[in-house]
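The first chain written gets the first letter, and so on, giving A, B and C; residue counts start at 1 in each chain.
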Amino acid sequence: MTTANQAGPQHQARRRWGEWLIENTVRLAGVSTILIVALIFLFLLKEGIPTFLDIPLRQLFSGRWYPIESLYGILPLLVGSLLVTIGAVIIAVPLGLTVAIYLGEFAPSWLREFLKPLIEILAGIPSIVLGFLGWVVLAPLIQNLGASTGLTAFTGSLILAYMALPTIISISEDALYAVPKEYRDGALAIGATEWQTIWRVVLPAARSGLVIAVMLGVGRAIGETMAVLMVTGNAANIPKLGAGMFFQPVRTMTATIAAEMGEVAQGSLHYSTLFGIGIILFLITFAINSVASRVVGVQGSRRRGGQL
Amino acid sequence: MNPIISIENLFFTYADGTEALRDVTLEIFPNEVFVLFGPSRAGKSTLLRLLNRLSDLNEGSRHQGSIRFNDRSIFERGIDVIDLRRRISMVFAIPTPLPGSIRDNLTYGLKMAGVRDASILDERVERSLQQAALWDEVKDRLDTSAFALSGGQKQRLCIARSLALEPDVVVLDNPTSGLDPLSTATVEESLYELKKQYTIIMVPHSVQQGARVADRAAFLLDGEVVEVGSVSQLFVRPQDQRTEDYVTGRFG
Amino acid sequence: MTRQQSHKLAKMLITVISALVVVPIVFVILFVFYHGVSALSWEFLTAPPTNGMTEGGIGPALLGTVILTFLTAIVAMPFGVAAAIYLAEYAGDNRLTRWVRLAIVNLAGIPSVVYGLFGLGVFVLFFGFGTSIIAGGLTLGIMTLPVVISTSEEAILSVPQHFRTVSLSLGATQWQTIRHQVLPHALPGILTGVILGLGRAAGETAPILFTVAAFYLPELPKSIFDQTMALPYHLYVIATQVPGMPLEIQYGTALVLLLIVLSLTLVATPVRTSMRRRREW
């Protein structure tokens, strides 16, 4: 019973070969992402490994970064990154969470529809533009407040906080939104006020999601380059402990790479050390993202088993 | 007469461990209307989807036992699943036109099979629409969107779409579930015509519908076949108490 | 203060803080626009910088950014869409798939300056492309991959499952089903993702610092193995490295960059919504 639509064996073989080819092509594309991550790490290692071999660990983690005198102590850079990031988190987390609560619980829907794209736009503003504004507007402003210079860790934190906000807001909002409606209804039903419900029920229930929001915000802040390069003053000092430390110039790991890579001789120890700093950055963000995605649960297949 | 489809000791388990079919054995003969009925979750749809291996889409599911179509196991290694799906064609419970015109819907399967000849395509479009009793209503607007049709027309379009492939078996999974009585009657009437050319396996909307259209029927309960037989046996003198209870409306 | 009052106060506080976060976004954009708009002219957009960059326009930098963005699309789009098709349509629920997803999450999180190091190590040095458009474009393309993959996958998954089932039940192969049913409907979403990714790539500075960007290069590039100026780096240079730079030119450059990036973002969003509305299911 052969009709016009029943294919011959030859046609069948060609069809199978075509399907096989396409499936394996797209699989290759998918699996290459693993390869790329591995390649990035390998090339960082390849160029950066002398850092850890040729510089005694004690010197590497010492407090003096003077490449001209062959002093490669990365401690000031680590502290600089840490300081700027912590400052950014202290500013961005409460603000981001507040905005997420506002969007999720209080904002009228028309305003929500307007605000969410606006926040997406903030995520789209290039860091160089924010850095530029920090440089020409914010830094002079901070100097006028009485600091010796406007280019400080705090200036960097302020800009970074702003850049990390979209990440923190959108992930927090998702986390709040994912809290089952029954929880709220239950709390409201036993006479809790709207505010108590948010504070005692919704926020605790969304806790793991909020932690992730903070973590990814940290990941975003610690890797940010151009804006901090422009506004943190780039002094490789370890600021003295105390409240004033936020108002001194610092130099971050990212800014060091960006500022110095253009001037080093390829293959020199200075060059390797910049790659070495890259390895540290890679490992920090890799750890943050791997842990965050583990908490969220990286699923395998996301295909839905439909009813049809 | 040899059965066109024979199912032997078939078990089927979904990925989540739900056992949907247990030891199902059935034979279906050419040019009959075979009705599978029973309460919801009895395994009817699961069985239908196994027949042309749409069940492959349920990742992680397992089966045991055999289904033979024209005396060849459909689970055999070298089997061409694509060809199997053209020979055993499926109509779903909800009308499911694909985006595009009425003509696009009808020629989709053929074009995917590599049929390019416009005269063949046109001829199939007209014939399948005739067989599904839709031709007169849509012949002047074949190139308009399939979504503009009424619910009953959409479902008949889906039937026609299956027929356009000239399959051996047409599988209908509760095809009149969303339809008004008039459209239901039109679809049921067309079945009498269709069985001259095709074997029809159908899950009916109700026991009454089953009794109206079936030549033979099987009653399924909790994944097992309780009773198989001719329409007069099953709906008039059931052997099994559970069948009788269901047919007379005591449960389900 | 009663409980009622304190709750009212809390709600007000939340609203005020939210306003404090959101209003500056608008302010930043308007501020750059206000100070930069007077610099804009056809000549500014096309002419090369002159007189130690303190005069003239941004032509070569603008062109460089357009070329780099184009190259980014060529690299990221086919690769990203293929990976998304794999994840959405073929990948099983297994360890390999989880690894791929973990890799994508991490690609998205790697700092842009580390991508710059990677590009320097692989494309500039290892493959010997030198500091060139191709090295920068490849670096930006790889950096843009995770955005393209995740938005494309989302778009593909949003195509109703029953289109696939029906298509397969009519004897279409899996690829035919993807090609004729899934991709046409996922296309608007895929394009949105690509455009969003390109918007981000166009504004990036760190990945191009050591792979392509030239400090000052008045001639236009002749091939993809040449260096080029690029807008984000140019802004960095004129803001911090050139003494006596007129502020107007700085703001003008920032404005052009902002307009490019924002228009890409803005184009992407309404395209998505209007396409969604046109769907018939």
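Everything that follows uses one rule, which is that a residue touches a chain if its C-beta (ideal position, glycine included) is under 8 Å from a C-beta of that chain, and two chains touch if they have at least 3 such contacts.
Small disclaimer: the values here were computed from a predicted structure and weren't measured.
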{"item": "Shared interface partners, meaning chains that touch chain A and chain C", "value": "B"}
{"item": "Label of the chain whose CA centroid is most distant from the centroid of chain A", "value": "B"}
{"item": "Identity of the most central chain, Cα criterion", "value": "C"}
{"item": "Between the pairs B-C and A-B, the one where more C-beta pairs touch", "value": "B-C"}
{"item": "Inter-chain centre distance, chain A versus chain C - centres from mean C-alpha coordinates, in Å", "value": "16"}
{"item": "Distance from the mean Cα position of chain C to that of chain B, given in whole angstrom", "value": "49"}
{"item": "Chain A and chain B, separation of their C-alpha mean positions in angstrom", "value": "53"}
{"item": "Residue list for chain A, restricted to those that touch at least two other chains", "value": "5, 15, 301, 303, 308"}
{"item": "Chain B: positions in contact with at least two other chains", "value": "57, 59, 82-83, 86, 92, 94, 96, 109, 113, 165"}
{"item": "Junction residues of chain C, two or more chains touched", "value": "92-93, 162, 164-166, 171, 173"}
{"item": "Contact footprint of chain C on chain B as seen in their complex", "value": "52, 54, 57, 59-60, 82-83, 85-86, 89-90, 92, 94, 96, 98-99, 108-109, 112-113, 145, 147, 161-162, 165"}
{"item": "Chain A to chain B touching residues, read off their complex", "value": "1, 3-7, 11-12, 15, 301, 303, 305, 308"}
{"item": "Touch list for chain A against partner chain C, complex", "value": "5, 15, 18-19, 22-23, 25-27, 29-34, 36-37, 39-40, 43-44, 46-47, 95-96, 98-99, 101-103, 106-107, 115, 117-122, 124-133, 135-137, 162, 165, 193-195, 216, 219, 222-226, 229-230, 254, 257-258, 261-262, 266, 274-275, 278, 281-282, 285-286, 288-290, 292-293, 298-304, 306-308"}
{"item": "Parts of chain B lying in touch with chain A, wherever the complex brings them together", "value": "15, 57-59, 80, 82-83, 86, 92, 94, 96, 109-110, 113-115, 117, 120, 165-166, 168"}
{"item": "Contact footprint of chain A on chain C as seen in their complex", "value": "3, 7, 10-11, 14-15, 17-18, 20-22, 24-26, 28-29, 31-32, 79, 82-83, 85-118, 120-122, 125-126, 142, 145-146, 149, 153, 157, 160-162, 164-166, 171, 173-175, 196, 199-200, 202-206, 209-210, 232, 235-236, 239-240, 247, 250, 254, 257-258, 261-262, 264-266, 269"}
